[in-house]
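Several structures are given next for inspection.
Note that subunit A is present in both complexes that follow, paired respectively with subunit B and with subunit C.
Up next, the complex of A and B:
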């Protein structure tokens, strides 16, 4: 017998994947992000069409994702804000519903290892959201080409691919968080609420708190020295980076806007003699490498805690 | 009976939760092909025992062997030959009965065509063939329980373990369920372990029962011999009701040598004696024209035995 086949992870993966696809929840999320994605690209496209004809059209295609057209926020800020919701809604009841339905005992009585269950569920969740994000990215890109009539350059394509991968990592992180919550809380509703609370805290309140703490440590007013203002900025930025949303924002701004050369505060002296220009892809990547690693690490830590917790958990 | 192979064997199996002992040095031997009833009140540790047998919970001490495989060290080998019906068995409500079974067949690495054949046979056997393609959400409790039997048999197990299989069923459902369980042993030659607190329902179909109270196996054996175990040191107690119910009847009882004590309880006499006096009593009554209205030996049926053990345990 094929050892991998007998593990049952393939069967579990397929079943979970099919469950997601079939669920009404998935249809709702898909509808939501497709509407948001298309409308934000559409309105951004209109703005760019006018801009491109006047100015230089370097990286016009990338600007499609980052510019906000008219009253709608840009595509990336939509994804940055709503991405967590996608991850949370896919996972908040993934383990506790199995227990609530009484299927967990039956499932684990089959000749599979216990970690197969959590691995299969996690991989299926990541699979489904990758599918969602990749198709959305391609669809939106296609619409963009039609809208502005400028095909993307090779570098633009690479940058968009990295953007898609980053988005998958970002949403997987939130999926891992919700997986953990679905183990910690036996009630699906509690788990969903905890997830939403954390999401709101990290995407809205961390920024406020970071400002408060930074101002408390290094109060900035008219008389304060340059060093204090600099420290204030640094503390604020580091605290902000606790939030995955902030990390993601910084990373995609850098990757989608080659003009971004640095993410922290800069001295005027450092800018002296600098020639304004764009960064090559490899340099942009270098700038956000820590962000990527941190997001992957956060995902892994959440999954590892869930894994250990699930392995030690009593079945009833 | 003794030359039969022992298929479930526990050696000093113990499970402690902090300072609470759920299962205390359990030594259980179950022979191949028999129906063994593990009977005891709620919270006696029956489910914990079953989970340890399946390797889903780790014993604090001792070990469990199923067909020579250690449940803790080789859970996969054990789960391959053991079918388990948990109490309150759950299914995926939005899948059909057939899909639910197909999933479990997949996890057991049963080839597709073989699985389909087996699913048909099993659905037929548990009387669900006509609703096999309906969603499980529409099933009644009795149907779910029978689907649970089919689910358990998918892997063609040597040993089946059923946890409270008759709980919450109507009388007809209980009848069907017990019939199915009996067939598992008598027709298929599987070893059956049933846990239940519903003595009357389950005792009928068991070859042997074990009385399990507060984590301890108080007695095990065929129901009749369990009765004798109680009787060995205790006196016989009879309930008698007769017509006419007068002083003469009292004297008649008193005239039997073995009688030690006579009590009156409403319209009944409670007679304590050293030996079984039923035959003598009935003969005497016949000779003197008394009509026997009620005669029952106390402590002979399982309920009395059970209550007896339970009471003794309470005192300790």
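Up next, the complex of A and C:
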């Protein structure tokens, strides 16, 4: 028996997809990110026009995504901050609302397997946010070409493509988390709050906590040696990397800025003789490969837990 | 009376005898006197035409100036006419005294005058012995002087090409400047075409003094000289040593030549590069990579004891094989290998490594851009990890699915 070949999954996928598209929540989220995305690219484009004409225009197109123009933050920092919210808002009530309405039992009364329900719902959610992110990426890319008038090079296109895939993985992770929460908490509001709490904790408080722990282990003051400061920095970074937001930030900074050669602190001896230059895409990818693997792993583990939990749940 | 007469007769007799005697004496005296006076008359006509060297060797085409001495041994001054009695065909002569052409000389009594005899010998004169007879004539007296001239070919006065400093020393990049004086000794303006015979790759140019024009020929007036600068540029890759460069000035009549000697001192020029000219390498952190280097002796002297050294970031190591070359002949190049090993902690991206080939005389360095790559090992580990997770998910599906 092949567990992947489930009857009815296609039907369920299409139904869920259509539900998402028709929902008002989706329209609001889409409107929000399109407005934010386009405006950040637009303001960055104005700032970059002067920068490109003055400096070398290497990877000018990529800088469009990472440059913050005027009062608005850059496109990537918007996505990094609001991405989790998209994932959470799509999934926080995906199971418990069905249960609350009592439709879940009715659904399971249909001649479909139980795992088809959770697989279909998860895949539909991932599908809808992929659609959102890809169209947003293409939209801002197109606007960027109009804004700065420089077509992206092949490497830039590849880097943007990887950026989009990374974003889909990142938001899928948060979607998987919210799916888990929607199973764990019967109330949709509790699930939403739990999700937002986790998001705020991982986005903001992990950084503060990591700093506290690192300072406790390796106190840095005026007299402390370089080694201590280095260790402090290292511990802080490793603790920060518990948070997927941090992982995502590091990954997209590396992929969108080819000048980034390393993440984390380096000894000056390592920089001796180093020539400032750009890394080829393959090297950038190798640098963030652990981040990508970790994010995929987190998503899969979250989904696996949700799956086991859902399969073992008693549904009346 | 008779007695008186006799006495008178006797007197007369004795007187006659005496007179005769006296006359004889007188005559004797007169004769003596006259003889001296006749001698005087002869001496009065005495002119001696002489020269210190009546026999000389000359060259065809030469102008000979002979000092002549005209001596008047008489007590009175007299005017002496000078003339040439006999002279070979085509020869020209003239007497000169104090800058003027003369044909008469007044010589005081018991004095002498100096005149010069100028003889112009035609350049076509064949070798042989020639005679010139000069005559000094005055008041019926005269003297002849025979001059013996031997014309010898080897002694011909030639035009000259004189080099001031015929040997110059310098390096291969030096421009050698020889100062040459071209003297035309013939009796007409000559146009000399200039040329030099040089080995391949050498450049020679002729420049007139105080000018910068390069000329191929030069006109020189008779009995004058022109200064020339001969500039010689040896080829850049010339080997050290001595080079003789013959230069010639050829006119319609004559060919003048001189030898210039250039001594090239050895230059030391070493160059370090790679066979392809590419100065970059790729490697992984902590992993040794081989780089081929090309060391070339661009100089003109052999290089000895070529040593290789490097500057690399700390923690890196660079080894050379061979570590040094005993000798690198001029103009040759040799391939050596360098093994670069980055620090195991090196971060991804470009680093600079400088390699240097040095001899006591010269050194050359090449900057290498070494790109350190991240090992793909951890990438593979990541892929395995994802594979394990997928399997775990599959296992979960199988274990808990289809309820």
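The definition used in the following text is that the second predicted complex is superposed on the first by the 310 of 316 C-alpha atoms of A that agree within 3 Å, B and C clash if a C-alpha of one lies under 4 Å from a C-alpha of the other, contacts with A are read in each partner's own complex, and residues count from 1 in each chain.
Keep in mind that, in the parts below, a residue touches a chain if its C-beta (ideal position, glycine included) is under 8 Å from a C-beta of that chain, and two chains touch if they have at least 3 such contacts.
For clarity, every value in this text was computed on a predicted model and none was experimentally measured.
After superposition on subunit A, the partners subunit B and subunit C are seen to fit next to each other with no clash.
Applying the stated contact rule after C-alpha superposition, one finds that A:227 touches neither subunit B nor subunit C. In the superposition on chain A, A:103 makes contact with subunit B only, while subunit C stays out of contact range. Once the two structures are superposed, subunit B and subunit C can be ranked by residues of subunit A touched, with C on top.
Using the contact criterion defined above for the overlaid structures, shared-chain residue A:113 touches subunit B and also reaches subunit C.
By the document's definition of touching, of the two partners only subunit C reaches A:286; subunit B does not. The superposition of the two structures on chain A yields an angle of 160 degrees at the Cα centre of subunit A, opening toward subunit B and subunit C, reported in steps of 10. Look at A:267: by the touch rule set out above, it reaches subunit C but stays clear of subunit B. Aligning both complexes on chain A leaves subunit B and subunit C separated at their closest CA atoms by 7 Å. The contact surfaces that subunit B and subunit C form on subunit A in the two complexes overlap at residues 1, 113. Residues 1, 5-6, 8, 11-12, 15, 19, 22, 101-113, 314-316 of subunit A touch subunit B in their complex. Taken in their complex, subunit C has these residues touching subunit A: 311-316, 343, 345-353, 369, 373-376, 378-379, 382-383, 385-386, 389-390, 392-394, 396-398, 400-403.
Contacts from subunit B toward subunit A in the complex involve residues 47, 51, 54, 56-57, 75-77, 79-80, 82-84, 86, 88-94, 103-104, 106-109, 148, 151, 155. Interface of subunit A with subunit C (complex): residues 1, 3-4, 113-115, 261-262, 266-267, 269-275, 277, 279, 283, 285-287, 289-290, 292-293, 296-297, 300-301, 303-304, 307-308, 311-312.
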